[in-house]
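One chain, chain A, appears in both complexes that follow, with chain B as partner in the first and chain C in the second.
And then the complex of A and B:
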């Protein structure tokens, strides 16, 4: 029996090592594969605004698009997620809360393509009509779609964070004469803040990497909108660019390497955000 | 627990071998989404034909058809990853040079036209044809309103395609004389014919480029006007060679085809095969 658990330990350690090697290997592979484009363009690759396959490669429109779409999605999702999370955690009875959570977690698992198809057939047309635009495939459409996509994730995780605030805190606050609403906003939310931050950052991580849903509604135009804050213009994000061009670039060294460099940028951005998000989540568990 | 885990590890190790153990003959076809309907339809018919029974008797012949675009088709045939490639454009000089060693051979089976298409709302409002110069100015962003070309007072949604698409190569080659022309007037970029068709149908003031087989009531083809004569893309004008934006739809092989691949390509060029081309919405080559 002792022998067996010993063997198990080695197998699990081995599997763990394989996983670590995969993650580290992927990162180094991306650096290695993107090297040719940096040799060709140097740092200008990040600042260039033109992407003409076979001539010049500039990543700025994609970096800009990804950042703006994600930031805007975050801005849209935050107030709604907070409001619903407070209501679910503080005002619902535990049975109803369980139903609510089950539905949210179901929604969080819906694949991107489903949202993408809904986006193409409804959201882009609505946005076009509501704002009186020339066309509905814009940065704003992609942001709305992403906000809808990450809402369940952000909601359920921040609700968990609020739920995890000890019951004594609430009892004390109520005993001091605070109303239920005051307890929620002045006691529970500040205590749960690191957890909520973590939830939002994990949501951003998903939004940033979303390919197909964004690809279908963002317009895929490799250009920074004019003026730059015009969210009702077409643009391009990193995953959408990769999705559209990866198959065609196989075997063409410079093109492929430019795409790999974009992948590296995305990988680093998501890694950083997830890392920070996990730090926030962890900190509240120890407090 | 240990045994269960061991079983799974062994099972995972065995799976790749068991898949490879199937030796029945197969043809792998990869490439252009424009040619794909011809290939998949032909593959289905070919499997049912009596006179190719000899392939079915001992081993069943399998034909696998995959999309990916013309460039992918050329590349995977040259590298030996598939038997037949599908292309909806010419093999470029750089590709010819890069894959010189694989002796790419082109087997043309059909002809397709690339039409300049507009939203049905604009067509109904009276825009039925444009000159090459007008289309160029629209794509360059010099003409921004339909009013300037005889339509209603509405801004133009200029729909472009991904730069590597065969359809774009052919269209831009005609309009600009350069298959990779830069188009600053673009408002939207789309990929497949399917996607572009949807986006133009959804808009009420769009212009774009589409393969002849994808035109419908919501996405209307317009004529190309030159010195007062107008050529509309129809079966007749394409076959006669009057319509200017045409391309060959071809299959490619590395070197001379042999065995099952040869028989399949011969089938495509036969009257039955050409009927498949016509049913897919294209013009037979012969």
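And then the complex of A and C:
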């Protein structure tokens, strides 16, 4: 009996080790596999603007595309998420709020490929018509689609942050004669601000790593738009580049290594954003 | 304009926005349904695809998706259950727990395409499983690990302390407690995790598109080294033929099936969670 118990302990420890190796191995393999391209190009890999398979590899257009698309999506989603979160948290009855949460959970589960199909069939055509473009697959299209995709995440987490503000704060504010609207905007939102920041950062992290939907509507041109702020130009993001080229790079050392280096950059950025976001979410200063 | 009217106006405006967002789900469902319905014919689900996906059904794609997601959960479940039990029952050091928590967050945050790249490299190249459904199932297993862990952990942490105190007072060993108290009392968490994991694996495209799937040529895998067609890859390829209305119609049909599958699994997870949790608390 005693021995069996001891044996099981090691089995569980082993399974836990497998789990830890999954997370650690991911990071290690990304660094290990991207080493050849750094040996070849050094730091210029990050600043290079040309990507010709077999000749030269430069990551700047992808880095720029990823950053711009994500920032734009965040800019689009923030006001909407904040407004809806205020209403859901402060003005809805608890039954309706639960209903809203269920809808958001389902929305968060809609597969990226379905959003991609919606983007290709509607969004990119609308953007093409409304702005009179030759091609509807642009940075702006990808940003709009991403904004819709991360809305449930940002919304549900910001709403949680607002609900976490203790009821006494609201009661005190109402007792002082503030209206419900004033309580919401002047008391609850400032108190929940760290949580809202965290929610937005986690949303950004998700947006940055989204592959399929972006790949289908971003246009996939490896160049920095001209001029740089032209959001109605086709461009490329890191995940979309990886998705497009991974299959053909298998077995080609330098090409594969360049893709792994892009993956490493993506991984580092997403983890950093996520780490900061989780710090914000955990911060509780209600004492 | 008096402040009261301004506030009423703002609240009204917010209510409209909220209504809009909550109807987003309906809009997406209605669009996919309206676009996908024409492609559905009586044998859409049981017929193989023809003419490079432009006609016929999606039987083998559906089977492929089910193979991959079931395989992923079968591989992931023991690891998730074992690691959560270790972390909650055996691991005492605070640093160790923190490391496990951070690792789970890393896995949860990692962009899925990276699971595809690194997973293909590790499983497909180093462990020589190649481009096959086994590689796909392994990759998805790693991807859904945190989803399963969260459900199981929530159930274990919701268990009242008295249960384990009683077990200890009766002189049960740690393993007997796990076997007789924790797993029977927390199996609703395991079931919920399984369904949420299946849903997440079914909706994933990027992680498996080049490591495990194929568009045409193979119907059912005949060995461990064969790739499978899946709904996700099928949709991806057909979507890129946006100029071809027949291909697009088939993509919508496949999308409708995939979306129904994912929603069905998610709603099942909710129903089982609330029902089994109630039973466990009786």
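Following the convention adopted for this analysis, the second predicted complex is superposed on the first by the 270 of 287 C-alpha atoms of A that agree within 3 Å, B and C clash if a C-alpha of one lies under 4 Å from a C-alpha of the other, contacts with A are read in each partner's own complex, and residues count from 1 in each chain.
Just so we're on the same page, a residue touches a chain if its C-beta (ideal position, glycine included) is under 8 Å from a C-beta of that chain, and two chains touch if they have at least 3 such contacts.
Nothing here was measured: the structure is a model prediction, and the numbers come from that model.
Student: On chain A, which partner touches more residues: chain B or chain C?
Tutor: Larger number of chain A residues touched: C.
Student: Go through the superposed model and pick first if A:52 touches only chain B, second if only chain C, both, or neither.
Tutor: Only chain B is touched by A:52; chain C is not.
Student: Could you look at A:8 and tell me whether it touches chain B, chain C, both or neither (first, second, both, neither)?
Tutor: both
Student: Taking the superposition as given, does A:190 touch the first partner, chain B, the second, chain C, both, or neither?
Tutor: Neither partner.
Student: Touch test for A:42: chain B only (first), chain C only (second), both, or neither?
Tutor: neither
Student: In the overlaid three-chain picture, which partner chain does A:111 touch, first (chain B) or second (chain C), both, or neither?
Tutor: A:111 sits against chain C, while chain B stays out of touch.
Student: Figure out whether A:250 sits in contact with chain B (first) or chain C (second), or with both, or with neither.
Tutor: Both partners, chain B and chain C.
Student: If we overlay the two complexes on their shared chain A, which of chain B and chain C does A:120 touch? Say first, second, both or neither.
Tutor: both
Student: With both complexes superposed on chain A, which partner does A:24 reach: first (chain B), second (chain C), both or neither?
Tutor: Touch status of A:24: second partner only.
Student: Counting contacts the way the document defines them, which residues of chain A are shared by the two interfaces, the one with chain B and the one with chain C?
Tutor: 4, 8, 11, 120, 216, 247, 250
Student: Give the list of chain B residues in touch with chain A in this complex.
Tutor: Those in contact with chain A are residues 1-2, 5, 68-69, 71-72, 75, 79, 155, 157, 162-164, 180, 182, 186-191, 195, 198-199, 202-203, 205-206.
Student: What residues of chain A sit close enough to touch chain B in their complex?
Tutor: Chain A residues touching chain B: 4, 7-8, 11, 52-54, 120, 124-125, 134-137, 216, 219-222, 234, 236, 244-245, 247-248, 250-251.
Student: Which of the residues in chain C end up touching chain A in this complex?
Tutor: Result: residues 3-4, 7, 10-11, 13-15, 17-18, 21-22, 24-25, 28, 31-32, 35, 78-83, 85-87, 89-91, 99-100, 103-107, 109-118, 120-122, 142, 145, 149, 173-176, 178, 199-200, 202-206, 209-210, 232, 235-236, 239-240, 242, 248, 251-252, 255, 258-259, 262-263, 266-267, 270 of chain C touch chain A.
Student: Hey, which residues of chain A end up touching chain C in the complex?
Tutor: Counting only chain A, the residues touching chain C are 1-2, 4-5, 8-9, 11-16, 18-20, 22-27, 29-30, 33, 80, 83-84, 86-88, 91-92, 99-100, 102-103, 105-107, 109-114, 116-118, 120-122, 148, 151, 155, 179-182, 202, 205, 208-212, 216, 239, 242-243, 246-247, 250, 259-260, 263, 266-267, 270-271, 274-275, 278.
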